[in-house]
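Each of the two complexes below includes chain A, the first together with chain B, the second together with chain C.
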Partner chain A sequence: MSVIRNAELVPAPARRSFATLFSNVSRWRVPLSILALCILPWVLPSQALAVNVLIYGLVAVGYNLLFGYTGLLSFGHAAFFGAGAYATGIAIGAFGVHWFIAMLIGVLISGLLATVMGVLAIRTRGIYFSMVTLALAQLVYYAALQASSWTGGENGLRGFTVSTLHLPGFSVNFLDPLVKYYAIMIVVAAALWFVSRVLNSPFGAVIEAIRENETRARACGYDVERTKLLSFILSGILCGLAGTLSAMHLSIVPLDSLHYHTSGLIVMMTLLGGAGSFFGPFIGALAFLSMEDIFSLWTSNWQLIVGVIFILFVLYLPKGIWGTLITWGKSR
Partner chain B sequence: MTNGIEKLALRPIGRRAALFGLAGVAGTLSMPWIARAQAETIRIGFPTPLTGPFAAEANDQVRSAQLAVKLANDKGGIAGRKVELLVRDDKLNAGEAATRTLELIEKDKVHAVVGALSSAVQLAVNEVTRARSMLYISISQSDTINEIKDFSPYTFHEALNPTMTTAVVAKHSFKKGSKVAYLVADYAYGHEMLRGFKRAAKEIGAQTVSEILHPFGAADYSTFIPTILSSGADILCICNFGRDQANSIKQAVDFGVKDQMKIVVPVLLHNQRLAVDPEVFEGVTGGANYYWGLEETVPSAKAFNDAFRAMYKGTIPTDYGAYGYTGVASLLMAIEKAGGTEPQKVIAALEALKYDIAKGEQSYRKCDHQSMQSVLVLESKAKSAMKSDADLFKIVAAEPASESVLRTCSELGFKS
Partner chain C sequence: MTVQLIAMQLFSGLALGAVLIMVALGLSIIFGMLGIVNFAHGALFMVGAYAGLYVAGLTGSFWWALLIAPVMIGLFGMLIERFLIRPLYGRSPDDPLLLTFGLGYVLVEAVRIFFGTDGIPFSTPAALRGVVNLGIGFFPLYRLFVIGVVVAVLLLLWVGLEKTKFGLIVRAGSADPLIMRVLGVDISRLWLVVFGIGVGITALGGVLAAPMRNVSPEMGTLVLAEAFVVTVIGGMGSLPGAVIAGLIVGVSVSMTSLFAPEMATIVMFALMALILLVRPNGLYGRAAPGL
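So, the complex of A and B:
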């Protein structure tokens, strides 16, 4: 972002066209992202995959707020994703709550959980922060495993299928894959706009300042702890929202959604796409899930191919797919 | 040249030409549909964990299922239609399985789903198929899927369930006054098997002296074994699956458990026995849905084995592999009887079906759609008693299909 603004100040003729293009892309990033999402189900092999890209894309974007922009490497974001999913599922299945209220409950619960985990984890830094978030997320995992009368334990949560979305005035068939995709896309688009708004606000500038130089941000008079906590909570809420969408999409909540593998997956997607860029994590989710989907159809050794590609990315494109594209565009 | 194009473009389209044109377009568009209605391939989705700790069993299931499809196609298809099997890797992950099943239904437009190899995964597939009125034959052990909360009129459970497996195994290995120690994998499969064994033990009059949970996928069992040895048990019942079974039995034998007590498992796995030396498993008793040695007494088992040997260069089908065959073959029989893939008709046909395709008489119980079938009790042979490399087990008993080993319909929550 800041570099793009600098480019605008230096009107070297050769740079101008690319710089203008990039500043335009950046200014219109939310409408452009939504446009890209609109055509997604038509270019991907299946709608179920497209919905997964939406959901994991949102998780990665939410996670990126903390990792890419604030510079905090959390290994426990599966807890928020899973908590959102479980809360929504339980609200619908056990209490018969309307789906919209259930989604709000899911977001609220994950927000609360993020507050608690955030307060405990923010005190530490570096690798200790990662370890504390991982440990706290494991606590949530085992709590869900033990409370099997509520969560279904090992078998996962079932029995809350939403087949029709009742809205004031009309209702839509949520089992239709395209309807489902666009319904979920509306929520994801709203969340993307929200993230973009947050990043463009003074708050967005402060979290980047903390990432770049925490001491200097503190010296400038910013309350670093509170800003970090707020960023942690926002990130948790976005992951929780993705969790509630995942529950609505799959109509089950697998126990694996709380597992640290899921946390690792989120980190990998973010890195693959490009941490610290607005749309990068979404590209990461898209690339990762498509690779998995397509290669696993060809061969049962698909993990080998995905692994090699991942190694190549880490070696040659450490900024991720989108991050590399942006750097390349700017250097022109 | 341009003049000509302009002329052509400007020429008014007559009413008759327009009608002919429309009819032509409509005809072309509808033609594939007519052709499709006549002989649309019957597509069967098959999600199974090709990667992960149950990969060996999953690959056997796929091979058996492909055999069932090949046999159907060789005799000219089912109701004049070809059959196709669409195998997908569910990675032993419930969320992944739900996504794959959605893809199979929405994109590949399958007519039925068969598969899944874990309690959690099959319940996820069950949930997706239930909401979309899709036929599903589940082929992995689970008690939960029989219960009314997860019941789907479209789902049939072809595999054994823990209750019936443990009831039969306990009947042939526990005695009144037996002291039993349990070593249980700490997840749904282990818990359900433990519950079944304790239920059976109570009826027989055996007592529990020790109950130890181990984590799923554990490599080291040495910490549990001293407790088992000091419990004074005369039977050690090990309730785990896949690689865990071979690992835990091997270590128990190394510590001399077999000198003091008999080892009993709910399901004696062909592939796990092959993974270690015969001395390790010698004398271990357990249940099974299928064993190839059944061919000496059951004609359908002989036919199944022969067809399998012919297709796969003389190899033999395994226990969990056989589920792939019986699941797909029974479904195809029902589709043939129903004259098509219309779900309600196939359900009626499956409920009425009496089939003997690999292991003797089988039929689906009406209330919970559980397959009533024979349960085998096997004992692992000593190396000296083995006639060939594949001659692994002695069939101690073949308990015929019976409702008495199942929980009653009212116990499961159904109105009788």
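So, the complex of A and C:
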């Protein structure tokens, strides 16, 4: 009896406070994220960096749904990001569509693309899956390069600018950097809330079960293929949404947004922050983009430093910044 | 559009496929033995081409480049296996994949620092310039040479794997590493050597490709995707699969560039998608690896 009491007594205060802290953080994760995003443009050195964190944070959150929670390592998510961006840009530039409809089109196109790619890639497993997604994304890249009358080819898509967001009743000046930041943030916040709901739903539990043990999930009677495909499509749609935001933000769509390096960037950010955690992807995007911001001032070869840091993370901190923090906090 | 033209283009496709076979073989050997996908493979192909450029510049001879550069990069590959990949054995198969992806990033950037970002032309060696009359038309001698070298490497690999004691151990090691360890085989050293060979073969592909494509830091990116397509079509880890798929992809790309040039880069990916629909494990693939 006394032994148990001693064991309880000594580490208890620390353990209890950390445990409560982490469960509270987890319960209030959406409001907390939104709060953090609200103060982001005031603490970061530039608003351009803050908008990038928003957009790439959303990409990483979408990607994390597939990689972190479903356990599927895709190397082709640039395709969805790029497809969303191109579809929005083309809809506005070539057809003069209202920005909101253009965004819907962007999301729809990336969802369709994710369905096609998903159906093909889900047939394969493990490492094979990574190779197939990369190869299919390259197909999209070369298709966009060839269809230059639509996409502008190597020069990227230009000639569309959203200066005012017309909404029923009022309009927003989209050229003011701070206004733009908060306008984009509203979309990102809604997406975060959606992802949080998905993760808390039975579907969220099933994708984690598939990550942990696919065979067992199948034995439990879950339709593993359909769940994987659905997770793939959802993840693609979220990346596509980030793409549409990127197109509206930049008023151009560079061909690079479809390149395999962009896919790699997404993987790196997610892993850096911590795959399989709610805050991880955003922290990863913040860390990666801040590193880019700082190192690119020193040297034009900043990617070398980022690459080395990434290798060190894979070797020594595979759970990423946030994932390691959680583990550390729980072990206290 | 004469028969000659088509035949010539077919032959060009074989030369293109031959380089792809080199890269895909390296990828397949490493996967077959170590069970990891080397995402730095394209970058190592590119580094191989630069090493060839460097050695050729030092010695003034293409032949030394062809000989020394692959050995150099193969040894470099062994260093990678020893210090970066070995600590990851026993962890998720995604980890070596992620690590080699980061490594590819670093290699491309490092090459940019030492050799600049612009493409560098790599001249065809004097002895291999000109064309040969094949009866059906004139064919560049260098491309014929590439096909010859690849056939020689394939023969060497086949003999090495099927007829020697080392090959026997490699094949047994890929089938059951645990039993081989029990039998007293130093599997770690075997994996080191196999990784070195896989990387060396890719580097040789890089040197061979250098006179046909310009040497640039980005040349590995496209090759990596192409090699993935070839391995997926052929079946992961299957050496005959890599050879057949390399030829199929090479020929179909060059034939498309004859009839519909704008589709040339796309056709191989479409081919892969088609194969995946019919045979998810590829032509010669075993049951899906990874799980």
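The definition used in the following text is that the second predicted complex is superposed on the first by the 306 of 332 C-alpha atoms of A that agree within 3 Å, B and C clash if a C-alpha of one lies under 4 Å from a C-alpha of the other, contacts with A are read in each partner's own complex, and residues count from 1 in each chain.
Please note the rule applied: contacts are C-beta pairs under 8 Å (C-beta built on N, C-alpha and C of every residue); 3 or more make two chains touch, one makes a residue touch a chain.
Because the structure is predicted, anything quoted here is derived from the model rather than measured.
The superposed arrangement places chain B and chain C in clashing positions on chain A. In the superposition on chain A, A:Q303 contacts both chain B and chain C. Residue contacts after overlaying the shared chain place A:G156 against chain B, while chain C stays out of touching range. Put simply, more of the residues of chain A are touched by C, taking chain B and chain C as the two choices.
In the superposition on chain A, contact of A:P177 is made with chain B only, not with chain C. With both structures placed on the common chain, the touch criterion links A:P45 to chain B but leaves chain C unconnected. In the superposed pair of complexes, A:T327 makes contact with neither chain B nor chain C. Contacts of A:S23 after superposition: neither chain B nor chain C is touched.
Contacts of A:Y128 after superposition on the shared chain: chain C is touched, whereas chain B is not. When the two complexes are overlaid on their common chain A, residue A:L315 makes contact with chain C while staying clear of chain B.
When the shared chain is aligned, chain C comes close enough to touch A:L136, but chain B does not.
In the overlay built on chain A, none of the stretches 4-12, 112-120, 184-192 or 274-282 of chain C clash with chain B except 112-120. Overlap of the chain B and chain C interfaces on chain A comprises residues 303. Per the touch definition, chain A reaches chain C in the complex via residues 73, 75, 120, 123-132, 134-136, 138-139, 142-143, 145-146, 214-215, 260-261, 264, 267-268, 271, 301, 303-304, 306-308, 310-311, 314-315, 318.
By the touch criterion given at the top, residues 31, 36-37, 39, 84, 87-88, 91, 93-95, 97-99, 101-103, 105-106, 108-110, 112-113, 221, 224-225, 228-229, 231-232, 236, 262-263, 265-266, 269-270, 272-273, 276-277, 280-281, 288-291 of chain C touch chain A in their complex. For chain A in complex with chain B, the touching residues are 45-49, 52, 153-156, 158-159, 161, 163, 175, 177, 246, 250-252, 254-257, 296-297, 300, 302-303.
By the touch criterion given at the top, residues 50-51, 55, 88-89, 91, 93-95, 98-99, 102-103, 106-107, 119-120, 123-124, 126-128, 130-132, 144, 149-150, 187-188, 191 of chain B touch chain A in their complex.
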